[in-house]
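In the two assemblies presented below, chain A is common to both, partnered first by chain B and then by chain C.
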Partner chain A sequence: MTAAAGALTAPHRHWARLPFAGRPLAQAGAIGAFIVVAIAVFGPLAAPHNPSATSFSDVLAPPLSPHHLLGTDQLGRDVLSRLLYGARTTLEAGVFATLLATLLGLPIGVVSGYFRGALDVVIMRLIDVTLAFPFLLLAVGLAAISGPSLWNAVLALGVAQVPAVARIARGETLSVRELEYVQAALVNGERSIAIMRRHVVPNVLSPVIVATTVAIPGSIVGAAILSFLGLGVQPPTADWGAMLAQSESYLNQSVWLGIIPGLAIFIAALSFNLLGDGVRDALDPKRRR
Partner chain B sequence: MTLLEIDDLRVRFGTAEGPVLAINGLSLALAEDEVVALVGESGCGKTLTGLSVLGLEPPGARVDGRIWFRGQDLRTAPAKRLRSVRGGEIAMIFQEPMTSLNPAFSVGRQVAEALRQHRKVSGRQARDRVMELFELVRMPDPRQHLHQYPHQLSGGMQQRVMIAMAIACEPAVLIADEPTTALDPTIQAQILDLLADLRSRLHMAVLLITHNLGVVADIADRVVVMYAGHKAEEAPAGELLRSPEHPYTVGLLNAVPQPGMHRGTHPLTPITGLVPVLRQPPEGCVFGPRCPLVTEQCQREPPQPREVAPGHLAACFRPGELSPGAGGAEDRGRPAAAGQGPA
Partner chain C sequence: MLWAIIRRVAIAVITLLLATLVVFAAVHALPGGPATALSVDGTSPRVVAATAREYGFNRPLVIQYGVWLGQAVRGHLGTSPITDLPVSSQIAQRIPITAELAVLSLLIAIVIGIPAGVLAAARPGGIWDWIASVVALGGLSIPHFWFGILVILLFAVHLHLLPSGGFIPVTQGLGGNLEHMLLPAVVLGTGLAAVLMRQTRSAMLESLGADYVRTARAKGVPEWKVIGVHALRNSLITVVTVIGLQLGGLIAGIVTVEEVFDIPGIGQLTLDAVYQRDYSTLQGVILLTAAAYIIANLLVDLAYAVLNPRVRATEARA
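What follows is the complex of A and B.
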């Protein structure tokens, strides 16, 4: 569809058919997100050092020092290597939390919007309760029960985002269920469950996908926050949020220890945000028709 | 032989301002192979009748009466039986082909799914059958259309797909809810022609819901005229168009432009006033407030459909007193505003 839009605006220039043609911000976001994902996938292969290897002769080295392009931390670990390894954990937390939210929120919202009535009221009030429940408290609770870990952070973040997804899915379902193809399916004797699966979900998916793309940077930052508070990834695993947290005590000696992971989080979040905006524009029916 | 019989159908909605009787005691019978047209203004309960037959009235509606189909009352039939009737034995097509198809799937797949809802067939057999159906509804290139998406087809083509979907399981009854309203006049004629052809080929009974009397003249055997949830008149199509008995039918016919009519010499005559608000139906005859023949009796008691000629029923105390072309409606002294009522 984006290719078609590109073809309409500039049929003869091949480069214009790139995704998000004519939207440089979205393109920048797509490139940034692609780089972040590439680092997450291939980063460990490119890392010059073991990210957990300490070297006490070489602590708090500034960036651009020999052997350590981005310097070392308080334990002499190579910051570049930790950054490359940390991309994977950080991204995992962001993507899986959002995925979890979608997998829970989409069916909840669709069922709620499709059946309406009392069921809808009950589900939506439960969603309101979830919305009012501070996700940090949930994360602390989970950490208290089963110890802090990446997956507990993902679980807490995912549950915290369910209301947003469920609301969007419900709103879209309310409008889709009134369309005549849903009526036509009923007239053809299809069951509610089949109608939801075949007719409702595919047609509410695009706004939900947009919402989740926009939610990924929130999850990344959320995961960083949890790591920062010690509720997420545990040392010595590299994670951008944890790196930021550990840099705190050394900020007056080596400010780059905070700046580097902070910048990485910032760039990743910004890229996914811009990408999300681009996806939203691309799937916007008003632009499509 | 009667295939589908609607017996004293009443549909009522509870609203904040009190109950609204949307359909009030409608009875009609559909024989095998017969085309019955259900005619009336927007909002008089035509579509609701169609949906109620299939048990798909909107939530909040209370339905009384019986829907006899093949010796069974569908209103009391179990949900499973009802699902097999829907689409399998009674199919329905809608007014808006553009929104009646799911934009997410190819039309071939949608028709195949409609088929597989009721028939156990392999994917291959389903595909062959869809091709056959596409040929039956006269789509120019069935093989190609199979893989097209709804937005790639014109309105007329989409309606053909809808019809293919509806007839996929060779239903005994097709409820066609204004199947041509959203289409261009030339396409309308083609679709009507197609429906008439399919009906004789597949021996389907058709309940044609329409507000277009031209459509009625084309393919209907019998006509039921509805007004504000009531049956106003019922007659064989030719007879109804030639000699309408109910003043409402006369009013409808006077509002249809005819070829050769001239603005100056034959002004179209609107029916004055509006369809009554069903929350406060008038005492007596529902058409009373707009009727040029209204009497005290009409305002006191509601007229029941009575046989005025063999096979010709009219719910009126003074049937046949108003003849088409007589005007009559305008001497009520209330000028009708253009574009009144819901479209």
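What follows is the complex of A and C.
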């Protein structure tokens, strides 16, 4: 049912006002993302065991074992507890990376678009250079300089996304700065900093937010990749990517160790992808059908 | 047109120079300073002093950069302290392996992604559109390394059909080579295919709504020709750009897939260098990858200008 037809036939029905009404995939994504976030926030409270507690009498137990719903790993640690704690690490890395990209990219793009001219050219060229270092290379470089860690992974993922955010912010700023209220503020003698903060940033924020929502699943998978490769979270911290990396040597004995954490990453990324698609479709009039 | 090409090449060269500057700065930020980090034996003061002389690390920074860049351009990337082999020969050994993996995956991605996108766009909202879109979204969300583990579990551990990893050079038999490359290339290629499918679909939908397509239909051009020739040709311009944008992701994918399937390519060389703190090799690999990335993007840019008459026209006016 199209939005217009829905408005004509059922203007007062409550379900019609639910977010993403008539978009079941986006709704499924929103629910999935909500559950993943809830697990990241409250999961550690629900964990039945200490995620780092080893038990060598109880290694590689299959799922549905007594006391261990999802089994145990090669050190006898409870997989369910590690999964619940790992949600926080994995999600934190993904969300902080996207946040970092926004905090760096937004001001860079706004300043570049607002002042234009030589400054703009220099900034955009530097942005192009950043693009020549995909996040994996940045992570490799940072790991070489100061050792692998969660925060180096976040830094690499975040910096790698700065160009995308900066370009969007710059493009929007270029058009916003020509609008009457910005020109009026200029004539009024307001300082550039004040104009950018009060008039430009609020107006370029929404496309930037859409872009970052769409980028979150990429960051989550990116964080998982880095910890899988040993460039992110270090053992014994529970993390979905690291759990998969450790499972590789035990796949012959325990298939589940290779499946469960990957399924968790997959569900989280899929939910955020569906949600991101929904947000973009809802806010972009060109895509509205 | 010529000017546009010269301009693009000049920009690429500047970007490349700035990228080397970043790597140079990173080398200086290494623990113990550049001479210690790049020495074959970082614990011996004599070796460190010799390295410092060779690279001119005791001279002013500008000259240091010049000397270092000169060495790098001539392929003198130092010697690995771990293997005692020149970094350049190590890299040269592994490039064909990674290149084979990259080309095979791109082929798989194009063969699956573009037809699937066309099929989905032919009847938007239809059953094929739905299936292709859901599969593609799944493909986007599934991390390469987990997909890799899953296919190893199925085809190697469970069915014993294909090897779980490793590599056999083509010189020792094409069959064995492809047998080892098949799973990794499929894992990498299907991920890319998902991206290509989504982009082909939306570009096709846009083309199919254009006036020239309506005209073609009105004058009675058969539907397969409208879709396969008129609309697709125009959509491919967008698809080429998307392949360019995916190169960064492809690099990350190659490294993870090489790690999962134990393929001795550039990715594995990079990771081993990080684990073993082999800074000479690391510096070489990062320079190589950044250069490859910039050059590939330049080629995509040029292909785009050649393919798209509108870009050619604007460049001519500008």
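Going forward, the second predicted complex is superposed on the first by the 274 of 289 C-alpha atoms of A that agree within 3 Å, B and C clash if a C-alpha of one lies under 4 Å from a C-alpha of the other, contacts with A are read in each partner's own complex, and residues count from 1 in each chain.
Going forward, contacts are C-beta pairs under 8 Å (C-beta built on N, C-alpha and C of every residue); 3 or more make two chains touch, one makes a residue touch a chain.
Since this is a predicted model, take the numbers as computed values, not measurements.
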Partner chain(s) touched by A:Gly171 [first = chain B, second = chain C, both, neither]: neither
First, second, both or neither for A:Asn252, with chain B first and chain C second: second
Touch count on chain A, higher of chain B and chain C: C
A:Pro207 touches, of chain B and chain C: first, second, both or neither? neither
First (chain B), second (chain C), both or neither touched by A:Gly189: first
Partner chain(s) touched by A:Leu179 [first = chain B, second = chain C, both, neither]: first
Touching partner for A:His199 - first (chain B), second (chain C), both, neither: first
Touched partner set for A:Ala143, first chain B, second chain C, both or neither: second
Chain B to chain A touching residues, read off their complex: 54, 56, 59, 82-88, 91-94, 96, 99-105, 113-114, 117-118, 162, 165
Residues of chain A touching chain B in the complex: 116-117, 179-181, 183-191, 198-199, 202-203
In the complex with chain A, residue positions of chain C that touch it: 11, 14-16, 18-19, 22-23, 26, 29-31, 137-138, 140-146, 149-150, 152-153, 157, 247-249, 251-252, 255-256, 259-260, 270-271, 273-275, 277, 279, 282, 286, 289-290, 293-294, 297
Touch list for chain A against partner chain C, complex: 125-126, 128-129, 131-137, 140-141, 143-146, 148, 160, 217, 221-222, 224-225, 228-231, 241, 244, 247-248, 251-252, 255, 258-259, 261-262, 265-266, 269-270, 273-274, 277
